[in-house]
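Letters A, B, C and D name the chains as they come in the text, with residue numbers starting at 1 for each one.
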């Protein structure tokens, strides 16, 4: 096989950090090459340079044996390099087709004079490609109406439409269901078999194991090794990645249902556009119980969480917390009543990115003793105390202590900060939505341990996750949502992973 | 009734083209509070070119009038370049930049008008005298009642504005450039990832907005006072901002908003005339379009959706 | 490559680079740069910039003039400077407070006229006891301003009305309506403005005789200074200040954290409005004593730029107010002494704001150079 | 412009400043006329010099501040405009400085008019100028409909309006013209005493857009000559006239407004009525120069050639017969036979007696 892409001594610095340090790598034509590493190890940065989003500070990138200066995504396009970004780069108020064709719009001329974008042809072509690769989408849908998984598909289609030969996937599976992941992996293999070269960034070792040929491990900006996947175990990989071995099991005490903490009855949520998002949902969570809500993204799970936390008004139904009706209380009352909430979107909901870490850690308590005196004046020493305590207790890594501006922290550490804040509220009920999204194995493990410990302490936990593994590993009770309705609610021990996946796809409709 | 339509249109259309400039700029994600300054600078530049050219070789040819519109667009675009430089190159806060541009425009045009009049024409003055703008009545259509008023005694610039506006509409909604421009206002990172140069697109959007504001400003200068003077800064730029926010950053509704302003204004004058209120009530009449807007906004605002990334400074490395 | 402009870079790093008081140093740097640019402009016009700047300072009472009119001295000029600074401080604080919470208040001018007018007709034409009258004027200013603030805040959160548009509309409406009442009821045919108010109600002791001079004593300057420190305290040290900042940066997250965003927005607008109201009464019943119909005070718009020049901080706003008002007050004298157009001063002020708007750029540039220099 | 060093003795020449607000000495109008007076004086006394100072806000308090900022620097301050009425107190404190006040009389702290030994304050009998405009309009109209447009019903504007109306009445009675005054009820003015004075008032001196609409409305009523005394709002009327295709002509006021009326190779200015400020400013400066200056508040009339109408060929487009008749009227006004109505003259235009 011949080398398609070669990184030679690539170094990239960001203010205060070396994201990539002297990395040399060869990627062969026609392989699936995985890149593995902790959060912030430098994976995205390395690939962004191949795609022309940044220029390296030092080193060279050779493509097809030729030294290239990839100064913009346009150059990368011309080199037939495509990338699916970790954070979707989609225009919300345009259609799928418009997003896909951006930059290479097919143009026709009216009256032989006025050029215009030929959307008809484009729509047809998008439809064709989406069918060919089993990534069904409706080309004229507007992005803002689409669930996350469809958006992911659009991102992939964008690359396929461009006919790229070198395909970079940056954490493409983070938001997909097992079935979708399965089919995506299948597609990736197909692409490889059709002669494309694939670079896959993921935190999920089993995915790597399943499809990739070789795998590079990055650690703190440095390349620690390139391994043939077939002959390396996942344990070896993760050990290399974090520097020590990680156990994949948790010690779970036996489930003994305590008293009822949360009781949701006949909950109905209706969106601004008058769409029923959550329909007639009832369940309850007890002390020492982890109730997991599984479901494909966009089936009403998040709205349930928002409704419980008071961020979305109820159309119907009631929510009882510890036997007390909180259906119409405001957010703060509910927090004080004992609800902690780790929201799905840490950037725009969970954190105020431009405030300091300390202020974010106090975000839900700043107004109370001892952080605020009776007369409304903040007590900074006490806030600092809380900040530094949480930073050390939860091992939050930040460059300048509790003064760090949260925006500059990595996603994993941002997530830790939220979890630290919510746990320290000492609430009766904790709602976790996608607590490990986009985190590396080490971080995920730590969070799982935390959740388990909270359960042992007798907290009631509502876990909403798209990661079926996570649901299976942690849940005592599993509730599957489909189309805003409860598909099933059962003891975890009575369900297999496969069954849950099927419920999520709406396959079984349980008769009541 | 006819006079409401005739006067209303001659006010609405320049306002509309200025607002359209705002839509271009804000559609690409850059806040534009500078419209007032841009229209003033455009009118200054147009007035200056008119004065210089008529004093030298062109004499009183009518083509000069149209040429001055072109220069006004150029002047507006030029000054908008400063806004672009501030917002894009220097990553200044866009609101601040707009406010500063407005202040700068007022002091710069006053200063230069004085200096140039004194040194070139030997007569210090802060004005440039213009010609009256030609008006036409379309022969047959104008006979039809009500509808006819829309084609009676119109300034020819009204046609120019309509043509420019149609072209700009086509550019924004039909061409690749327009699509990318709108995408920049929504998610600039998406544009960058597909190989577009966000800063360049935004810069040209700002330039275009300056040109349109300049055109509108010049039309006001012609139709209201037939000269350029500091009284061009009457707040019409702010009114245009209100119009496109009212129009939800969309061209069609913004057009209706401008028509509403213009007609409410001219209807006000007719109403006092009919009611025979004394002139001191003209102050109250002038509030009519603004009150009407406020009231209408109460009903229409809940659907208001500015471009998603409006006001965000584009930084490639920010995620 | 680094070697070549090393000195320039080092200079920039010293001026705006990381370290103590970076923001302040950058502001000073921008001020110097704009004075420099203005100096070049003056040189082009054949004037000595140093003389021009000196005469501005003389006109504003910072430096002594060559000679003084009867009953005037540098001291009276300085007191007059303070008198004109007072409303500017209030107005700049009003803008800064609102913007901290993410609201762009360009209605300051309108609120100023409104409160000034109401105070004028309710108190200005009575012959109440001076102390009582002044206190009432201040209270009315605060009250009227807060009312307008509530209106804007309410329209914003209840109907999602864009505050910029609302403010533009309100500016026009207030301006015309007040003008209507002045023209029909309160006009002074000689000055063509509203009839001058009774000195009892005036917040400035005008032509106050002392030391053989006639001094303008701005009674509100202590209040303005107190307001600066109170606002600073409020914004940096209190619960409400924290909430304002949080809502301004991310209202979704603030709601999630249990803050009542509408309440905070309306409260902020009450505060901002009250400050604008104070600016109105100190302007129309302080430094001035009557209202010009159909004219929105330019001060309300200048305040936006001033607040931004002061980095939206209270203390910054205070110094920025002083700086801009010095330029304002010194212009006539400069124009008289040098015989240059007064537009020059306005131009220099605009350049100053231009530079301060890109202060953030200088700062990040300096940060980058600092890194480069460190690494080499 | 030079450095304004205050001169110790008069031999070196007067150091003069002109303070204007809000437009400058090159406004082609009111302020410029005053400035021209100063320049004429300097032409005869080259050792004297003048500095022009502008106060842009137009607010009375700011105007006063501008004067007090520079009062110590000059021998003579020429203050043009009603905004400067408040300088009384300041003038008292600076008895060495001479003030020439145009269009207003000084007031004391309480706002009452006062006379001061170092202030020469002039106002003009606007009704006389208005009268000439009325006569000219009545003689020149072809549609027999004429109108006057004013800014706000302040005394000076009402004087112009009343004078104009008297002129029309006079011409109809004496010269057999049939001119009719057009007044839009919706634009009637309310004067400072609250009385309805009729006329056509824009409601502002700075609203060109409204001025234009008013002009168009009057045109629609059939007017072919409008006397415009409305400040910048008047520009709007001029625009309406320019766009009327020669149907509408205007009579300017205060100064010769011929230049404002140019469009293409035509002009809409029929003529302009004058307040002769330049001449009076020059006269006052001459008195200061030769030491005969005395402070006073004066009302200037035709008897000192301080009011009038432009008759210079090439600056107006009246018929020769009109000019002849105007000369007759002028001499009657000058010798006091004809006294046009004015705002506070004790009688209204209806009560005007044609002698």
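The rule is simple: a contact is a pair of C-beta atoms (placed from the backbone, for glycine too) under 8 Å apart; a residue touches a chain by one contact, two chains touch by 3 or more.
This one's a predicted model, so the numbers in the text were calculated from it and none came from an experiment.
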Once every inter-chain C-beta contact is counted, which two chains account for the most? B-C
By mean C-alpha position, what chain is farthest away from subunit B? A
If you average the CA atoms of subunit A and of subunit C, how far apart do the two points sit, in angstrom? 46
Dist(centroid_CA(subunit B), centroid_CA(subunit C)) in Å evaluates to 29
Could you state the distance in Å from the CA-based centre of subunit A to that of subunit D? 77
Distance from the mean Cα position of subunit B to that of subunit A, given in whole angstrom: 45
Tell me, which residues of subunit C touch at least two other chains? 183-184, 294
On subunit B, where are the residues touching two or more other chains? 114, 280-281, 283, 286
Two or more other chains in contact with one residue: find those residues in subunit A. none
Output every touching chain pair, sorted by label. A-B, A-C, B-C, B-D, C-D
Quick one: which bits of subunit C touch subunit B in the complex? Just the residue numbers, please. 104, 155, 159-162, 164-166, 168-170, 172-173, 176-177, 179-180, 183-184, 294, 301-302, 304-305, 308, 341, 343-344, 346-347, 349-351, 353-354, 357-358, 360-361, 364
In the complex formed with subunit C, which residues of subunit B make contact? 33, 86, 89-93, 95-97, 99-100, 102-104, 106-108, 110-111, 114-115, 235, 238-239, 241-242, 245-246, 280-281, 283-284, 286-287, 290-291, 293-294, 297-298, 301-302, 304, 306
Where on subunit A does subunit C make contact in their complex? 15, 309, 311, 330-332, 334-335, 341, 343, 348-355, 359, 363-364, 366-367, 372, 376-378
Taking the complex as given, what residues does subunit C use to touch subunit D? 59, 65-72, 80, 183-184, 187-193, 196, 207, 214, 287-290, 292, 294-295, 298, 329, 332-333, 335-340, 342
Touch list for subunit B against partner subunit D, complex: 3, 7, 11, 60, 114, 117-118, 123-127, 129, 131-133, 135, 223-227, 231, 234, 266, 269, 272-283, 286
